[in-house]
Amino acid sequence: MNKTLELTGIIGYPITPFSDVTGAVNILQLQGIIDGLISSGSSAIAALGSAGEGAYLNTAEWEETALATIHHVADRVPVIIGISELTTPDAVARAVFADKAGVKAVMVSPMSYYKLSEDEIFAHYQAISDAISVPIMVYNNPSTSGIDMSPEFMCKMVNSITNVTMVKESSGDIRRMHQLHMLSNGTLPFYNGCNYLALEAINAGAKGWCSAAPILIGDLPKQLFDSIKSGDNNKARNLFYQQITFLEFIVKQGLAASIKVGLKLQGTDVGSPRLPLKDLPAREHVALRRILVDLGRFN
Amino acid sequence: MNKTLELTGIIGYPITPFSDVTGAVNILQLQGIIDGLISSGSSAIAALGSAGEGAYLNTAEWEETALATIHHVADRVPVIIGISELTTPDAVARAVFADKAGVKAVMVSPMSYYKLSEDEIFAHYQAISDAISVPIMVYNNPSTSGIDMSPEFMCKMVNSITNVTMVKESSGDIRRMHQLHMLSNGTLPFYNGCNYLALEAINAGAKGWCSAAPILIGDLPKQLFDSIKSGDNNKARNLFYQQITFLEFIVKQGLAASIKVGLKLQGTDVGSPRLPLKDLPAREHVALRRILVDLGRFN
Amino acid sequence: MNKTLELTGIIGYPITPFSDVTGAVNILQLQGIIDGLISSGSSAIAALGSAGEGAYLNTAEWEETALATIHHVADRVPVIIGISELTTPDAVARAVFADKAGVKAVMVSPMSYYKLSEDEIFAHYQAISDAISVPIMVYNNPSTSGIDMSPEFMCKMVNSITNVTMVKESSGDIRRMHQLHMLSNGTLPFYNGCNYLALEAINAGAKGWCSAAPILIGDLPKQLFDSIKSGDNNKARNLFYQQITFLEFIVKQGLAASIKVGLKLQGTDVGSPRLPLKDLPAREHVALRRILVDLGRFN
Amino acid sequence: MNKTLELTGIIGYPITPFSDVTGAVNILQLQGIIDGLISSGSSAIAALGSAGEGAYLNTAEWEETALATIHHVADRVPVIIGISELTTPDAVARAVFADKAGVKAVMVSPMSYYKLSEDEIFAHYQAISDAISVPIMVYNNPSTSGIDMSPEFMCKMVNSITNVTMVKESSGDIRRMHQLHMLSNGTLPFYNGCNYLALEAINAGAKGWCSAAPILIGDLPKQLFDSIKSGDNNKARNLFYQQITFLEFIVKQGLAASIKVGLKLQGTDVGSPRLPLKDLPAREHVALRRILVDLGRFN
């Protein structure tokens, strides 16, 4: 195993474009989105996360999208693939596929119908780790997965399971990052998955910021990241407050649906999210348009 | 559509037995469980609900289990089938299958990765209703589905969507039942899906009690139901407090896992739940054994 | 100590009328309210609880109101006095005063600025118990006191502190009553303090229902209590749903403010609650009038 | 009114020492604590806040403490006095007293028994503002006051009530500070009242940090504040993580009780907090001692 993958900066999350006619994944559009993320400074590409509607794709679509991402990125930056499956066998199967296809890491979120005990979650990650040879980023997002993993538990998995090496924290509670830092004595790489806490997370020591925001607002997230790292705190604060309304919007309205609306407003129709997810209501199109105009990202 | 299905009393929920060797559904054991539910007084059989791990089965397994249930019940009582799919097309497909197979109703829970708006949930139920000809029981269980539907919204669906005719409330908040009663002027049939609120729900006017409990404790739930209906409140209270520890246990430990342990304790090994769900830890086997001994249900 | 006080049925809670001119307690009006509560079937009078704005009165006013209540009730029914003081010395002082004045019990709620540990709460009750010779009803109402006492902890106090003999549960969680019953093997007298859970609480075994509702709706609460006790569950359910909108209203809008508006609507101006509490807004006067008309309690 | 008081940096909060024999406020010790706060870099002194047990003092004690603070500070830095009274008349009386005694501002927290509506809270602040001539800092601390004021509402009060000019936010939710900044277009001075969010709050633009921490750990909070302002983010992060365990401890264990234990460990016995508050249990003495040793603040 390679515990040495070092990710930092902006980790870009593509959405998954669908044809409104056939419902199929539109690979050509996906390639354009990936290129945009890389050109706006993403230091890695993480496909099939929340923004990518990974949980809503069937196996064939998921595999097609994973392969297309890996091939198009073509080692310009590392590729990570997200896995959110309800059963352990299904999660293992997807992780094995991704590993063989050449990803540099997988990002794994447990999913719940019944609430899972820590023993059950641990065994889930262990089974995935045993089946692959690339690092696993533990993804804690209780609002989508229905499971909230404590910093203590995630550190335990990092310490105990060979391929578990990183944490993406999306609970929205900045204290979790304090705890991840303290519990690991600063050695655990953790990443911000909660867009509207970017200023806080990076100041608290997050190695990177996982975000689909650059799809619509380009290098503004990277500018924020860089200004914190360079100690220009006034600039960082200004950049943060400049984009906070946008960041709050895409989290509140749903990443996939809101990024897709934004792309349409910016001239690219990538289709609607998959049912039961729907396009945002018209008033939110208007709201997002105003936000993008204010950010100079609407032409 | 048949809005006239009248369910009352105990609606029995089978678990789904798996072979520990092959992982396949054990149909013979399922038949025995169904027979036990009917003989202990269930007035309907609801397969593939939470207790039945419906969300964890692949399509072939789910269809096999649905068919086996319908055929074995053989119209002794009505059969209901549970549907908990993440996408609308998948939910519609299962509902259509169940309808054609001869169920008397489907019980539908929305599922979330992204939180769903009421418009999205409404469209989900509408699409299912449009595709079938049997009644739909709306199943509100935020702890498993990640979605909490308000009484107002569920009443709106009952009033607006042809086949939506019943509500199963499992949120654990008895006031929801008050509201369902008040909002519908007493006309909406609602069912208790929260075992430890059975006394309260039936007194508040629930038409029935949806439960897997009779698999392990036989007719005790029906005795409770009947004693409330007959006005013997002292007996009802005694029966309720007699079984409350058991009811709290199976909800807290998970219906599928705890019923499976109980069956093993009573002599039938129906396998473990599907990974990542695991068998209960040994201390909970001991606890459940003690509870069953106290109830005279362990030999 | 007298652990033998046996309270059951409706325990009536007077509000405290103030002169809008001087702000003084209007004893004459208080006497009328007490008489109304007794004539509508209250089996005890509990002054200076939440409804009585006990926490808002200065010492002189509180003592005057306590004395006036005891003297006017004149042993027709037992008198209980509520105590909600931030410091232990102040609580002890009021309890001693009430004891000497002749109450049959005191009802004590801890109050918080800093959250209190169980050790701190225990010592608070112990100090009060040590100073008096009448029973103490533990009053758990986290929404007013800022402190939530678990059933386990309250049972511990009942078992350990001489004068602590009863519990009034107002948390709004019916399961607390199940736990009080189970933990005490049915021996602990507990009382319902959450108006909108009356049907559930009494069915769960509450000895009585603590309420200011009879001030406005007369014997409807007692009818509900009696019909449950006599096993007429259809009548009980009808009575409950008849008054539920009223019960929800007075809890949501605040007992003191809403009962005072209701009295004004029924013809008796008892003044406004004490600042910062204000009279309800006009729209709520209209809403309450409609509710009282529907109940036949507005002329 | 003077809307021009400009507070920034560390605002030091004294605790209130009590004689364990008489229970009286120990003015001599209070003076020492004030001197320590000033010498460790506090740019203002705020007496009788949460740390100062202001809510637990009777009027005479409160007035004595307020006067002693003002006289001892002797204009070395501005003095602020905290007010947390349940009734509006009592809050006005204390504010008037403080104003006449020469404070530069009052910090006002609403208190609840009944939950207060925004209209009621607004009128409470309006009444205080009308009675005094110094600025009011709105203090939002739902965990002590039982009332949670939204950023929108607090901004409305700042815009509408003459003397309301500042906000101290202690809810523990960093997004409130984002909102205060955005709603006021960066013009509203807000202060951090949640010790463990200091790094985040100052980066988000808080003008100052209200804290009793310097009583025990001297200028470490000021060093943190200054390093953020100077853009030395690595130093800031190191300073923050150095003191985070201490900051979490004093919030979790209660400011008054834990600072008093710390002072005792450092050699000054300032007595216990006022009952029902108790001294911390022995194990927490041990924990705090270890924390102080690690910080080099235990000799």
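In order of appearance the chains are A, B, C and D, and numbering begins at 1 in each one.
Criterion: a contact is a pair of C-beta atoms (placed from the backbone, for glycine too) under 8 Å apart; a residue touches a chain by one contact, two chains touch by 3 or more.
This structure is a prediction, so every number in the text was calculated from the model and none was measured.
Enquirer: Hopping along touching chains only, can you work out the least number of steps from chain A to chain C?
Expert: Steps on the shortest route: 2.
Enquirer: Greatest Cα-centroid separation from chain C: which chain?
Expert: So the farthest one, by centre of C-alpha atoms, is A.
Enquirer: Taking each chain's centre as the mean of its CA atoms, how far is chain A from chain D in angstrom?
Expert: 39
Enquirer: Just curious, how far off is chain B from chain A if you go by their C-alpha centres, in Å?
Expert: 35
Enquirer: Using the touch definition from the top, which residues of chain C touch two or more other chains?
Expert: None at all.
Enquirer: Go through the chains and record each pair that touches.
Expert: Contact pairs between chains: A-B, A-D, B-C, C-D.
Enquirer: Which chain A residues qualify as touching chain B in the complex?
Expert: 50, 55-56, 84, 86-89, 110-117, 119-121, 123-124, 127, 143-144, 146, 254-257, 273-278, 281
Enquirer: With touch defined as at the start, can you tell me which chain D residues reach chain A in the complex?
Expert: 174-175, 178, 181-182, 186, 196-197, 199-200, 203-205, 228-229, 231-233, 236-237, 241, 244-245
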